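Chain lettering (A, B, C and D) follows the sequence in which the chains are written, and residue indices restart at 1 in each chain.
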């Protein structure tokens, strides 16, 4: 039984609290939050204790911490929790600063911490990966990822988010590195502000396309939009030497209506909670399993750094109009 | 090169004229119609000659006749054309009277004439049949046929049509006998007039369900409606001991739209011309091939009689509320 | 907060235990089972108490009972729990004996108890019903229900199950009555033993088709098979005067693979636990809501009796080969 | 009635011969080919006359020429046929040399000739365009085109093809300009030789991704592969401010099989003849209509030049690794 402390009692922290409760091998014992009321309230609902981070890290009865605080605190908390001997699952992204993330990786090691790239645990993407790994479409050639949010976040959020490439496309960078088996060599990005002029005024983009190439010639294309309007559009498509694998959207229901006006069916589910609830649960189970069995984490700090390096390169490319080469330095290799 | 005469220059006759022209091994040389203007007009457009049926049957240069006249003339024309030594393809149904069709079969033989059950030549149903014949789902157990017209015909037509079971479901009876490998043992039918009260007043039904069982316990269910509203709904589904085969509808196009209001896509194509044009062409080619190679017809008069016997049984069952057993007499066996 | 006792700690009882725990307005306080170890074990895992039925019914702190015992005890327990003033949710079917169920209904009243027809709470079927109720396809004309289990139960179970119509198709009868707004007038059934000869030797069928008609001419067709092989095939299709509504299967995942061999995608989920877990949760929430708000139950004993009357009629029809008319007596009306 | 001469009796010429015959307002009267046997053979089969190009251009009875000769002759023939007063439909691409195509455009004018971008006439892409033009998804933001051939051409062909961007992606460039309403501002391309090393040795790529941006920020992504393996993968997807439009593949048939091994369905049709036969017919009809009604051509030489300019830019970008800006010079503007 893993005794777990949750750092961060916000929206995503509450999602994780549910997963911790649902796993019969883990127990939520402590909650910390800078807003102490938030910690207290979540602690009460879950039978845990509201504690400070200091108390948590000092408590030998606590085996693991789940870091779901604001991004700028991730690297610090990873370092402190690791130093305190806790097993760590940290939400993505590792950091907004690639430099800081690299320093963190240098300090704690690339494999010692698990990063919460939840999409790897989505049953659809996992099935696609398994089919590819089983050789069902031969060698990878051309990967395509579509990832549209239903609606843009408030501009206030955009301003502190690190920008679309670090905040939103980070998931897709990880998906690409995961499916292609490592980081790309080159990244070219274009981005526009088409959805909300205020996003452009804040220096960010809301619509973007990124092309990545690997040293052996393989290619990946990622498309992002902050506003699909119809829900959460999350698709992956991989062309291999012997065929195509694609993971389509998850729909609200399976009902179809056909009338003289045409056929109508359901939209994709609206956002990440509907789409990825089960992925969060599986992610947590995978973390607990790895800790209990002292086996390798399925997603590591090194993966988090690689995704962030792609985001850094894409951000630079979209600003300069030039292709950016990922150097070993950028990956901490 | 097969020299062909077309008997009947109406809508379906014109469809066949196109298929005859499209097949490089056949040539339309003569057209007959009770409305001599119709014959003349079609003959002119196709480079054929308007002739009377008597002239056609007496002309030794004519190898084959395609009978697309009104149903009440089919049996007579089959007999006369056969007697004149012509190869015959006759539109479905063989006759509205099972008795008359049986007499015709007795006269000319069950295998000597091809009947135009076009759906067997639809690429989708043909692919389903081929997969079943290849053993892909094991033994047949439960067959389901959905067959809805887009809109009901005029009541004037209904009155002379022989009723829904003989006029419309006849196709589905043939499909069932074809897929199940022979005629059923028992037929139970229910029918209602829900679409147009005038159809009910004319003594017919517009919505019907028929259950058929074979001597070995296999079951088929056929559903018909004269009015789907949205187009031509033509689906077949066969449950076997190892899986399910289904043939879905053919849609107007492959475009999908997703907005906040949901996903919208195209309807099934509107009616039989759009859906079965290619099936008519393939049917004709199969006829020409069989004649040229002196091989067995893929659909015979015997098949036409079996479908009509099912229709007769269904009509009787829907009127009496009782299950009707198909006797050998009803099949001319 | 509703204090709940669970009668029956078997497979379906455990499913309900989870739903009771998941609903924040209910609490599982007691578990009873004829196998006292089963009750004790489930009680321990859930923090409830193992009690006898007598103790439960006598305990004023218990507000509601969920009856998930063997079918032959349902009517008795409904009557005893009702007499004890408990709110009651009873698993389907009400009883194997229509006579006994009618007596039970007479004793406790048709609306006083909720029956667990879980499929009404499936989000797909619920969305279909909502669209129909909103008038999206006009008036109902022809309903079609496909319901195939993945694999047949052991013959030992078949022998005590009451037969396919009472045990398996009972769900579809309820679905039909629910969608059509009341019980049919006539029922015609055919059934065969095609899947497992031992089922036939036990006097039951494993493959069946039932046609039902309503007094106003509307028609429903239900198809059942005990063995689809590929998973749980659960589909509903309703033709209305202005279009078609259909609810398709829920698939294991959304991945598609296309190679030279064709396109491959996922099967339907394997069985009712995968398909209907969420439906069971929603069903329980609906029960709790109705009890707390003293509002009408969404599925009543009267509905349970109607479905059982259909099953009774279908059983008789399949044995005699004749159509059976549902009399007011059979519905307790 | 338009009297038409066909220049080029190869594979695509024969496709056009069929369309000319199928249109009741046009008649194929002459065929020319550098291989005089090919011209004679096609002429015989179609009832046309084998003639030299000189004879054709000099013959006042010939109204229109369809240029389906090798690409390097297109510009010359466009100029000569225009000078001779013939209506011209010329196959894509206009030329392999943008310079030569621009000169041709300068000579004959951008709107005087129709270019054969057949995909615009595909019913699926046409339906997508119509829905977009009708405002069904608001303003365009992000366009995505997937275009994979089933199998790579022989290397001998690749060597003279002008390369993937001019030979294959030219269709997608036209599709993008058509849907976005004009040529892009910037083009970035990456390409690899992953399918066949011999293609790489010949200096070409077989797998490529191109990103294009318009002056107002709109983005398009095109993906090409010479070898999908499973057939002709031709999809378009357009994200707008209010939703998504996508045109999916056309499949060989609508049959689905579900067994314990999963669900299997048909592949996309194998290549352009199966997919675009109807598009070629509609294209021809559109040409005849425009000529007869003296109305504007739906695809002009100017469109052909724009697509070629995109191909030129993409070729250069894939070679230099830099983004290429389309100048007015490159469009002949």
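By definition in this document, contacts are C-beta pairs under 8 Å (C-beta built on N, C-alpha and C of every residue); 3 or more make two chains touch, one makes a residue touch a chain.
In this text, all values refer to a predicted model and were calculated from it rather than measured experimentally.
J.: If each hop has to land on a touching chain, what is the smallest number of hops from chain A to chain D?
T.: So the least number of steps between the two chains is 1.
J.: Sort the other chains by how far their Cα centres are from that of chain A and give me the top one.
T.: Centroid comparison gives B as the farthest chain from chain A.
J.: Approximately how many whole Å separate the CA-defined centres of chain C and chain D?
T.: Going by mean C-alpha positions, chain C sits 57 Å from chain D.
J.: Find the geometric centre of each of chain B and chain C from their Cα atoms only, then give the gap between the two centres in Å, rounded to an integer.
T.: Going by mean C-alpha positions, chain B sits 41 Å from chain C.
J.: At which residue positions does chain A touch at least two other chains?
T.: 229-230, 233, 242-244, 258-260, 266
J.: For chain C, which residues count as touching chain A in their complex?
T.: Touching chain A: residues 123-124, 127-128, 131, 136-137, 242-250, 252-260, 266 of chain C.
J.: Looking at the complex, which residues from chain B come into contact with chain A?
T.: Spelled out, the residues of chain B in touch with chain A are 229-231, 233, 251, 258-260, 262-268.
J.: Looking at the complex, which residues from chain A come into contact with chain D?
T.: 139, 141-142, 144, 146, 148, 186, 188, 190, 192-195, 207-209, 211, 213, 217-219, 221, 223, 225, 227-230, 233, 239, 241-244, 321-323
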